[in-house]
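In the two complexes that follow, chain A is the common piece, with chain B as its partner first and chain C second.
Here is the complex of A and B:
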């Protein structure tokens, strides 16, 4: 063993010093070499059943599977030589023998490891001239996952995920040899709240998402790294969009937050983005009004209500930049009653968080208080309300006690001035997730070109109220301005928050 | 898992306890124990039996289900009072297993995997049972019958009740 728990080995002629105890696939990854693998996954137990990761270890007679071979000091590994390539071609031939080759109607096409490795390691032709085995297709495993037995290569990733990570242990393999087929316990419907992760885990097209199936070929889509906003966990995700509509979310690896997984609830929490009832233009006095008209009306309403008092209610779905812009407006108007609404629900030990909105911590950071359980019967001259997207609303009687209303909402809301909201996939910004992590959301689409984001709208309103105020031109600059002012964000930059997020400095006050 | 809470007979649990002593992990005794369990539970594994077995071993039930599905000696469907396994692998085939299979189909009205109407026996085609020198052969429950002819087969099956 080399120094403190590291070993040095040679992989394809490259010397690599890697931590002891890792396998050849991981070691190769560290020096930029990809050893193909289906059944191996870094978070699941090693079963070694797909055989596509075969490597040559010098001094060992037979080829060894990279997933189940731990690195040793002085080991010499070849992952691409003639002998390995020939063997891998053989493995691919076996894996494809009973494969239906139905890529043209398969949703996995374009992100299928069977396609990728067939191109990289297969022979390109088949020598098999007999009838392929037939197995059932389009089997419903409940309302989220669809199973195709013919495409399954029996890697057991799905079996192991539900057993080892989700803990529901719902799938098993019936029969053996070419008859082998997955079965689901009981009535054949999955129950885990994390079941859709097996769709991402499945290296082939055997498991597809009922929600996303046949909506789009992946190569026509745009993928944007962002976070899940269904709860305070803030699972890192990749949002898939096409033609400015959101089509799916899949988890993005972040060891500090969600590892490789996310809950189904989070994954399916996006229908409101594409909602056809969304408003795309402000209204003033119930009539459509361009932003400048609506904003001067809002200015008049709010300034006129100063003496009687203004109630400001923020939403825990807003980004920090928007919350600080709202704070600026409140400061300019001298608003004292600043609250935010936070929907609560059930949580669990894995990823599901009881706070069903992403940014309660950001609200507190910007000085908004948790909404009281019992609102006082105080009357206000005006309400400045950013309506949360669902699950929670300001009680109707509180709204009624305010004479005038300026409301930001996704769908139409009766008010003196109604301004459209944008969703988190339509803007850049930051949020503070559970564990007091600052994480970025990024713009992946534009719902309607006429829409302005809340930050821009609020900054413009601020300028109307206080002509000396000048808003930041981009979310990145707004974040920087915030970080300069707020000690909890001190030292953070948009880049240091980056794709994986960063811890807040002073977290205590926000929990 | 203590034997007292088990849904199985105390004799069976005692035998399984003996089996566990022979292996480093309880899990390793699963297959021999499952033969005993199958015998106690009418020759097959219902969902309930699978769950009881899993509870006895402290294993996920889908693990036991996988073992039932993998091995032909375990049944996931109800079977007759006896199980007749007729070998159809190479030596037996060369020595006339196909004719015997056809004989059983016609005379007793059961095909591979089916049970006679009176519930007397379930008929199964089987892979090599290890008596190629005396092909063709069959296994009736735990008893082997060698050098079969149609007559010999009839006398064995006729004697089942």
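Here is the complex of A and C:
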């Protein structure tokens, strides 16, 4: 029965009530049936060229492609019967006759739809007795994407992405028939700031990432759902790590934020995580010091500077939990001058945000003020400074006007107390992205087991300053404590923020 | 004796027929003028429906019904695209119309435009047909100067412009959706249907795609009446049709014939084509262009109309009757056909892109070495998997002839060739 814009159909004997206007692939997905597909993608135009989603529609003579067949009330679809299986096996055979089968040296192995569907739908043997067609391999499409024409199945997802989503329309097909080959127009180098999405879209190993190539087999890696921290968009990503080093980021579907995509800038914004020069132990007076020693020194420095005033400068790369921990330290010390640094840059209409840090809104939420363009010439007894990533720094003269310095930084920084920072893939926490959306970051690795996260360090410092204070034992509890206290977070829980994030309650003043 | 019935080709032998003055003197554009001033667009469609005209591009879809699919009361512009990308091997009839009586096609195009409410028509002419392109462009210029094309034609409210668009040498652009993609300036790839061109065609607007000969027939129908047309030929194959006889014949050429169940395909080959040039026995006939199944010499006694030839297991297709005698090796014939289609596969759909070349390579092996055990079964299975699994009919155009040759000449594919 059809009502409220829904239709009921039968797919492989299962009854499915689905929204009218969707195709058979999506309808099948809703009842847990996977119709294999290469060229179809929910956000790209339907071209129907791979032919692997062929289904039988009762009453229709020829097999129909699931991607271009819209559901109808009473439709009876068969996605697995003998006729469909035979034709699908045929399509897999056609796809593989000229495929180089170089899985052993192919980066896509392990997450390759050609491998998956060959196992699920292929015949396992070949009847093709001729030499395979030869096409060029290892073609550079610029400094980010590498193309292998032999592995390409000509699904044209990359062509359509750059045309329809990125808007640069840079790839087309040369020649025809079995000689068809993708080409990049002009000098053969891609220019789109979103070009690396075609690597994710490519269902096979034809497009690989120059950054990630040959670094690791995917089955040895750990994948952690988190967000991109290169700008305020907070694109949802999966961070891939191995042996406590970060190897890649790929976008994670979130219809409210980034859909299926992310910018190349965000994707490649992680080199500092693996930086060999990172400090892994605090220093006090220029000498390595265990955390308790360094924190006692910091306590002494900050308490001694109370009368002359303390300047606190936070970083918009910090999580909300860290910012609230820093706020607690500032409250305990009676710090009035609380600022945060926010790097700005170019934005666009798609995903790239002009704020080049993820959590300016969280800084404002925790009561930090935007750093002034012109710092006053005021002198301070001490500086409590969480140094942002390379894009922005506190002006040297401002630092010099502070007599003593407690600095959190990734690499060594001249100061009385220098405490190592951790990056966002090394901790759990939340940030407030553009659109006032609270989103979680999650720990995917530990750079060095000696490191403590900033929240823990700041809470310990707070306890030194005020023995009555007791920090939360985990980031989740810290978030809950924050949500209980702050009206903008009222009602939110770690679980309700979840994988896709949630809107802040009252956030007008944060943007 | 079978005789030609010349309607479309009535004045084709007059070299001056390509000029507007001569065309008009011979009654040209009278039907169009009458339609504009005395008939409603729907009257024109009704006349075409009454005639029983079926498209002459090869698929034989009823023309009037195609026109009726164009949505009414839709404010999108509507287009006519005339398919003059005549490239099916053996087919050479549209060129005759364009080069010897181009106004007849233009008049039909204007009538179709009037019937469906189109204000622009494109003639998509095969790029190699330089002479056709020149003559049709000259004809359009002359007609435009005489206010037969352009704004407020002959003082009426009806406006329609016609443009020639030369193709760039791809067979696939004769497929109607590829033709539209190519017209839009893109790579000539067929598109998935639905939507059909009549609903969403050129630039996603309603578009009627008709063959050149179909347009010439429309002119004849409006000139002489739908009843006249329906009275010619036989049921299901009304009117006259241009047939292109080629191959090992005494008198190959383009002939305008009525279809009939009273005589046979063999009669046409013998009486019109004059039998084989060498006198050697016929080995096979491809009655509808190279993309339809072959008929063996003993299968030619079917009636000469669409239904009868279909019953015999093939099709009159685009009217290209290709005859080969027993001096040729059918392995060469089928290899040649497969080479053509694998070369022309656009490469979009997996089964056609990969399969057509695989088929070609197998047939090449059959030609030089003969098939190994199991090869014939593999070829049949591979072609089965190309049949009906692609966007357009190009894959079928290789499957049907190849399978028919394998089935009908088993002796030619039976054993290894010994050196």
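Convention: the second predicted complex is superposed on the first by the 510 of 511 C-alpha atoms of A that agree within 3 Å, B and C clash if a C-alpha of one lies under 4 Å from a C-alpha of the other, contacts with A are read in each partner's own complex, and residues count from 1 in each chain.
Throughout what follows, a residue touches a chain if its C-beta (ideal position, glycine included) is under 8 Å from a C-beta of that chain, and two chains touch if they have at least 3 such contacts.
Keep in mind that what you see is a predicted model, and the values were worked out from it rather than measured.
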item: Combined model on chain A: chain C and chain B, fit or clash; value: clash
item: Touching partner for A:128 - first (chain B), second (chain C), both, neither; value: second
item: First (chain B), second (chain C), both or neither touched by A:47; value: second
item: First (chain B), second (chain C), both or neither touched by A:163; value: first
item: Touched partner set for A:171, first chain B, second chain C, both or neither; value: first
item: Which superposed partner A:98 touches (first chain B, second chain C, both, neither); value: second
item: First, second, both or neither for A:183, with chain B first and chain C second; value: first
item: Comparing the two partners chain B and chain C, which touches a greater set of residues in chain A; value: C
item: Part of chain B, among the options 3-11, 21-29 or 93-101, whose backbone runs into chain C after overlay; value: 21-29
item: Chain B and chain C contact sites that coincide on chain A, given as residue numbers; value: 172-173, 175-176
item: Parts of chain A lying in touch with chain B, wherever the complex brings them together; value: 159, 163, 169-176, 183, 185-186
item: Chain A contact footprint on chain B (complex, rising order); value: 47, 60-63, 65-66, 69-70, 76
item: Chain C - residues contacting chain A, complex; value: 170, 172, 187, 192, 194, 342-351, 353-358, 361, 378, 382, 384-386, 388-391
item: Residues on chain A engaged by chain C in the complex (per definition of touch); value: 46-52, 54, 62-63, 65, 68, 86-87, 90-91, 93-95, 97-98, 127-128, 130, 133, 153-154, 172-173, 175-180
